[in-house]
């Protein structure tokens, strides 16, 4: 089992809530097509990045992989187990192998619980540890691992007494105390100050080595993704448009959207300015998805076929896939 | 390993609930209004608890003074139509007034919180039905409902408590439910779900913990309103005539014609006590609200 | 780049002290003895993280402080005119929006949701200038074209625009009265990457075509390097480094600037190890004595703990506040 996670044709459509009148008058139901058929896998010990702008479906995908929401269709395999076919109880037991770190360090910790209780909670939920002392020791150890030392200083504090970076370390401690195999990190540093980010990312990388973890790293910041991810998938309107080794994609993106995305990122070097991006407009809503290739209305290379047919996923290299008519 | 565990166990000495209470108190202390309210409430509580010791006479001591005599050195609040010392009546009356208040508030909060938690968390037919029942209760005028209930069930201290409790829980349920609705979408709840938490755990640990501050402040406030309702019901004659409460004192003041004959000492002292107690509890709940529900607790 | 000749600077802030008052007569020293100057045509970047005082500084210039923000010293001069002590009504009529305007943080939520966007800008124009509503509307249409919006949309409501478009509306509003200086506070922080590039390109074009002077407040050093020709780095309410962008980026002098640059990832170039700055920004109620950065500084010496370093010239137009220099 080299593939820790395998996702096949995952789809998640959210029904739009309709009031009384619109359900009487309008025929077809509208859906927000958040995730519209994606496939990828995460190998053991790798950091797989899922990148894209807002509305592309990456956050929804993260929750689907952990089965925090139910998919509309598709398959999700974790350690070769089809997690969609197991019952609630078994899923709860499986959860100790897959954990999540959220984006907002101010929202992801229960404001009325002490730090030690927050970190201890997963142990109690999964019934690990025989008594209070043992659990407290594990919490202690975890606090040291994430760099919150001396641990006594933090055990009986409330989240609002800590800084953003410290809170995120607590979130990491909570996620890792169960020793999961997969950690889903949903934009873990985007709400932190720049000078703190590197510390948190380094911590995540060090812990990955130490505890033999795999990460699903969700982000909109490709510069950080380049620093952290081994492989990368770029999403647009619910589909993966390009997938492959991070450095290869970032240095030579092939899909027009990926190209525009990477060209649009400013660089901290005054000698290098952003080139004019040939992409017009903004991301359309996932309710009304353009026919054919969903990027065609904004694509500078759009041809006739792009307006009619959805492009196939083409393998352009070992490990490299692009969804574009230019390459098929 | 052992040493670390030992270190932590001794640390436990000042942990958990105790720390929370200590911290809440030190912040509460700074709120002058809350502290004032607390003093007044405690004053009444002490009076209620030590009534037999403090009061110069007992309610059964009739004709110890001339009936309906104005305040004097012997009887600071004068006497009633049965020659009883009104000061003693008020002291003894605090017991019923407060206990009815507290117990009715407890019923209110327990039912209201549980209904609110369930209706807020689950969105299915059962919870919707429960919500409609709650709404129905809210729509009914509570005082009228209480009067009807008390009239049907008979003038008894337990019916008063029941009547107040039953008519006030829907408001609490509503408040709790709206809190729960927003709380269940919070990320830390999602984190618990991701760690394998069951619905039961989420409702009764995570969400309840965050709802408790509001529930607690509500409870203090509902003690105040329950005391007020009890006084109202008793004044209307629905109270338990075999006991003494401030409302009952007012009832007798009314029926014995004391008001018409100008015996202000019969009416004003119990009235002031009711007002003071209600205001005191309101102040405490305000002070607690500021401490437990801070508005801007970010960054 | 021609630096100061014997010209009157457009905006001059001298030794400004702005503190927030909190319960118990305590002061949060948000802006502590800050001096900057902007010349005509210059775009200054105010860089710093949360708590550095950059937003507070821009609010002070625009005199939009909350009720507990008090100016305790210093002066602000625009074209040599004291605008800090100017009568507030006069300031609002003559300076705010007419000479200096602001694109506030989270500008996209700054629009009134129940008014048409055109009307909101017209309101601003009419308050400051003596023009008829018709003329104002015409100007709004021109402004829309200038910022890349369809002029026929002046009758739409804010919720009908996307985030990027609302930001353009805010920029149009800031330019409504032809100001000489525009302060933009995190103009792209809530926007997606591609839209961000579009807005940055718009800002660059506007700057060039209208000869605008600008103060760009942001924590993102990459954005600053795109647009600004000089940069002031702020930390804990003070300016720690100041100079032409190119020089500061290629040869940072202050340890904080060095740390910030080392912590900023770049999409281009080789994958290098990012370095973070240990510790956290100081509590501005009780900032550390001496140099405010010393608890986190890898080069801290004894003197750094006792004496605050003065801003020292290090050649050309560069100033640094550090004992190492």
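Order of writing sets the chain letters: A, B and C. Residues in each chain are counted from 1.
We take it that contacts are C-beta pairs under 8 Å (C-beta built on N, C-alpha and C of every residue); 3 or more make two chains touch, one makes a residue touch a chain.
These numbers were taken from a predicted model, which means no experiment stands behind them.
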item: Number of steps on the shortest touching-chain route linking chain A and chain B; value: 1
item: Most widely separated chain from chain B, with each centre as the mean of CA atoms; value: C
item: Identifier of the chain whose CA centre is least distant from the whole-structure CA centre; value: A
item: Length of the line joining the C-alpha centres of chain A and chain B, rounded to whole Å; value: 48
item: Mean-CA-position distance for chain C and chain B (Å); value: 53
item: Distance between chain centroids, defined by C-alpha means - chain A, chain C (Å); value: 33
item: Residue numbers of chain A (touch at least two other chains); value: none
item: Residues of chain B whose C-beta touches two or more other chains; value: 299
item: Numbers and ranges of chain C residues touching at least 2 other chains; value: 50
item: Complex interface listing, chain A residues touching chain C; value: 53-54, 163, 165-166, 193-202, 220-224, 226-227, 247, 250, 260-274, 276-277, 279, 282-283
item: Contact set on chain B toward chain A in their complex; value: 1, 4-5, 7-9, 11-12, 15-16, 19, 186-188, 190-198, 201, 206, 209-210, 212-213, 297-299
item: Touching residues on chain C, where the partner in the complex is chain A; value: 49-50, 162-165, 192-198, 200-201, 219-223, 225-226, 245-246, 249-250, 259-269, 271, 274-278, 280-281
item: Chain A residues within the chain B interface of the complex; value: 66, 68, 92-93, 95-96, 98-100, 102, 104, 106-114, 121-122, 125-126, 132-134, 136-137, 140, 152, 155-156, 160, 164, 171, 174, 178
